[in-house]
């Protein structure tokens, strides 16, 4: 599906592909062409024939069909910049309780060609940030009027803003996991910690790659980005620095959880061993005492005594109680 | 709440907002405007209308309402520098004994606009360092007279000085934790170690970001900072280097504590197992001896012997004592 | 075996070594000389006498006979570039189930001399990517016609593409290993994890070295690579970045598996200990009870009672059941 | 205490403070002023009034009163360099056998002002290296005659040389600790390993900071250091590189010790468990055998047999011996 | 022992020290002076008086008497380069089976002064690479004729080649250690792993320092190395890169062994615990059964029954067999 927006004479109107072809023979104003889940024919018509983009860049665009998409990058083709960004989507259920160890955070690919007069965006899945920019365009034509680089900044700023709920969900999950580790660690806790770590590393990697990319965009390395726009890209860069920072502190927290889990497991083992030791320490001696008076000697002392059993019981209680007292003194109970 | 200080003709006087507006039409002298917990109207009037700061910088200012605030940064807007600093506050109780694993060290945000003639500070929570600078101003008008960059250095130097008691409190807590680990490690020790580690990482991160920022301020990267002032900023930089260094050595110490904790736990397990083994090794053989003489054979040797029981008791004492002797020789007791 | 291809007048034809010698006296067109498993005589004739390459480069070529070959590198000899690349081959069986801890992923060496008019490739084992380039040459003479650097890019791009199935196989193996760790960890699981880690580190090292090499090739450091070609080399560079990234996330996953394995082992120990403790806690007290009534006291209470045995049985069931109830309440069962 | 040395006309003589004041009105020759544990008045008279050093540098000097002193640094004040160095002192007893976990290696602070004609050193504790330089000066006036930077190099070279016995002591301590870990690890071994690690990290940190500082001094960054002197500073730099290298290999060794300690502890647990298992495996079956013949059945087989007890004893010895034979075959004994 | 070689008029001849002194008054041709285990007098005569090298460089030379020698470095004294290299020697027995934890790989020191006309080598222990160069010189005078830098490259190339058998020995040792860890880990395995790690770290450190040094030599940083020679030094650099790479992969393998060792130990503990648990779980219930029928109740059910014992035996076999069946089902046996 191709949507084309032309800003001319302070208003924005949509063009059909035919109108676009005519317009390009004598280009005026500013143009945004969005290709959502384009057919190969559309790619051929627009990217190859009309815009004449570099074949390698188009190949990278089409790589977006695959599951995780291409890593973020920016490439300078003199007349235009080719940029790949990775929006992130998270499945509805925020906390992975099932035993899958696959990644739950899915990245998709947004490819963009940015020239002085035109922004071409290309993606296979519908993206909230693109829809948001289209709405904004209707309300305020100057969003495109300020130039394609301003419009592009709006889109990637929104993509980065959309990472926030994911980070919040991760934060909540880490809290829940912490509770689980310290209160009732189970068989699957370890798998969940590893899964959490993978999610955090995914988020971190995306943030780092895009941060480096925005650092380049905001430092004046590319002449297509105007001086004024650079400060807006710097702003997006700041958000990504914050995100990397958060992801790194989450990673530290999850490493801590792993240590904590092993220590809790080990403490539980200690508890179990203490119970075993206490039981053995009390009942093994008692067993020897009863065994003693079960011996078939003719002259067993006290066997004939009327209060022999009573004395034995008292003695056994004394031994058991003494053991318990020792344990209590040693703070084992 | 807006406080405005004007240095003119070797004295400092406070201005109302009206006076400030008049003054700005023909600016002379040096100005410090402090916005503490400003209303949106005040932000609008001062930052937007009067001073005409960049919208993105103002947005970053207003981010200070949120819990942790923006990460430290410095940005050059040609006419002015925009700086974010993170003062740290610690709750009254220095040692976290409760089972909360959340951070106890709270960072807040101080935003500042620094131009040749004016310093604008902007924060939502009352800050000791701002109050300190205001007092100093009353005593010594030259604090502002030497220029807004000198005044600003006074403020951030005080902020950094205020980190010291927190580091000292951390040091004490690590000592206390060390005692706990080696003397009476408990269920919550692990949680406390992790909590400590988080606090140290927070402190370290703040120190590192601000150190990098001050490195830039003190190296002549920004023309608004005078040559003479740079050496003062270098001094603040030195304090932050020291702080990072301390935070890193604390981190090493806490990692050591974690290892120590696991080793102490493991040693305790060894102790428990030794007790169990000693008890079993003594009483299982004794049980077999008593069981032996409890057998219902007609011709049980010694059953009819007058001193059979005595001999058995002596034999049992011998076995038990022998075991104890072996343990003592192997240094298990 | 030496294969020589000459592109002249828009067509490609094969030359014998004699024709090559004649041709080199008055070189025109573009040349590709491929030496597959060359004899020392062939090396001598071609590399030394005809092309007069640097002795050290030739020595590096001949290093390719050894098992793992030389590490990737690129060296500028002014008239030509000398490049070493490491194609990877994996043995048929993708998953190492046997107890060998040796590397399964084998690297071989492809050496290449690249000048303006000529590409010389040199390798000891037959390579898929060389065969692929030769086929392409037959179909489309321009593959060589666009210059030796274009042809060389085709070859190394195919080499890098051939890494993909290996990475996929690694991915599958990690999944299988994960199942093994969480479901039925055995004696050899640890050995398999270590083996996996080695394979991943091998892949990663190759990717990193070649990535750095392609970074240099695609950044204009060498004047022999044309501006236009650089973007193609940049494309290969991108693939290697992706590969390094994958290898690093695999490494993280395998580290996670190691942690998981230790934790699963430790959990199993806990389970075993719990069983032991439960059994001991139930049967040691019961043993004392039966021992009690086995004592040979004259006045043993209840010994003469008709329902004594029944009462004892009920008491023993009560004790055993009570223990089980306690365990169930403490979630040990 | 202030000591002032003036090199003039090929001889060195000591000046009183008065003479120093007169001399400074028309300075000739080369000057070394050493302030050992100066009073505030002396600091005021000399550093502030006479030499007019920067207030921040003087503040840093006075920081030397505190326990650990300021981190090493060098600062260029155009007319003079301000340098802080950290001599190290170690307490008499080289090996910490007591349970203190505090650092034993104490750093002190030597501050120095270095100009073309003058070296001012400032420290609170008496320093061997200063005393050594003063002695050298008496023997050979040219020590100062070659310039204050030569004299300063003598002092810091001696400081660095004084690190060597500390490193040797650390090396011995690591050896002793290694013996302890492998032969008789105890409760306090872990604490000692951690303590050792802290000492090594302290040494390493000091070495790294001073190495970086000397790197700057020896690279021609400061115009006050002559070309000829740079090579001497380079020599001190080399010593510090060696020291960092040693400290890092010590750190690796101590990490190894930590792993070894945990593994030894774990092996000991295995030993204890084996003893328990062997005892249980032998005596539990024997207990069942004696219990069997203790049953009160009327028709107990063999109860009436003359050699029943003998047979039982032989059977029990057989069971016990068989168990021992199995253990020996499995290499548990 | 001093050996002096002079290349003049296409031939090499040996000079006595006297001839050398005469020759140096009017130097022609190319000179190699090798000092093997020189006396202090020889050092004085040659290095100080004749060649007038810098005192600090001579001091570094004499540092070679000490056990490990100086770290590799290169220093530019304008007229000559001063280079320190660390040849490695390994003791005859390649695999350390005894309990020593000291380093087995010994480094020695080769110091060299390299000027346009002269190479001076200085070492205390006889070196294979020096002997090799001397032999080569006899066969082919041009080895020195191509310049002292060519001869020096021959020497260091041979030194680096001599590292290879050490790396191979390490590789074999790691394999042997791997077998030991997985087949029969013992008390000393841990010590051997640590020892191996130290050896690898030593090799790695040497390789890294010398690699960095050769990087500088081969990059044209020093004007004394001719353009043509640089490519030979680059070749030595490549070997050191390979060596560092190998050392790093060995380090990873040894870390893996450490993990494996801990996991094998832990698995063994699990095995021991399983045996204990199985024995207890079978014999504790049997003990209660025999105890039950050993009770002295008057009306013990079945006591008078003719087949009571048989039934009890069958019941006991049933209980024991049932337990075994449960263990087998849970895959514990």
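Order of writing sets the chain letters: A, B, C, D and E. Residues in each chain are counted from 1.
One rule holds in what follows: a contact is a pair of C-beta atoms (placed from the backbone, for glycine too) under 8 Å apart; a residue touches a chain by one contact, two chains touch by 3 or more.
Since this is a predicted model, take the numbers as computed values, not measurements.
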* Structure fact -> Hopping only between chains that touch, the fewest steps from chain C to chain D number 2
* Asked: What's the rotation, in steps of 5°, that superposes chain B's Cα atoms on chain C?
  -> 145
* For chain B and chain E, let me know how many angstrom lie between their CA-based centres, rounded off. => 42
* Whole-Å gap between the CA centroids of chain D and chain E -> 26
* Where in chain E do residues touch two or more other chains at once? -> 262, 266, 269, 273, 276, 280, 284, 287, 291, 294-296, 300
* Structure fact -> Starting at chain B and stepping to chain D first, the ring reads B, D, E, C, A
* Asked: What residues of chain C sit close enough to touch chain E in their complex?
  -> 54, 56, 60, 70-71, 73, 75, 77, 99, 101, 187, 190-191, 194, 197-198, 201-202, 205, 258, 261-262, 265-266, 268-269, 272-273, 275-276, 279-280, 283-284, 286-287, 290-291, 293-296, 300, 302-306, 308-309, 312
* Structure fact -> chain D contacts chain E in the complex at 178, 182, 231-232, 234-235, 238, 241-242, 245, 249, 252-253, 256, 259-260, 262-264, 266-267, 269-270, 273-274, 276-277, 280-281, 284-285, 287-288, 291-292, 294-301, 332
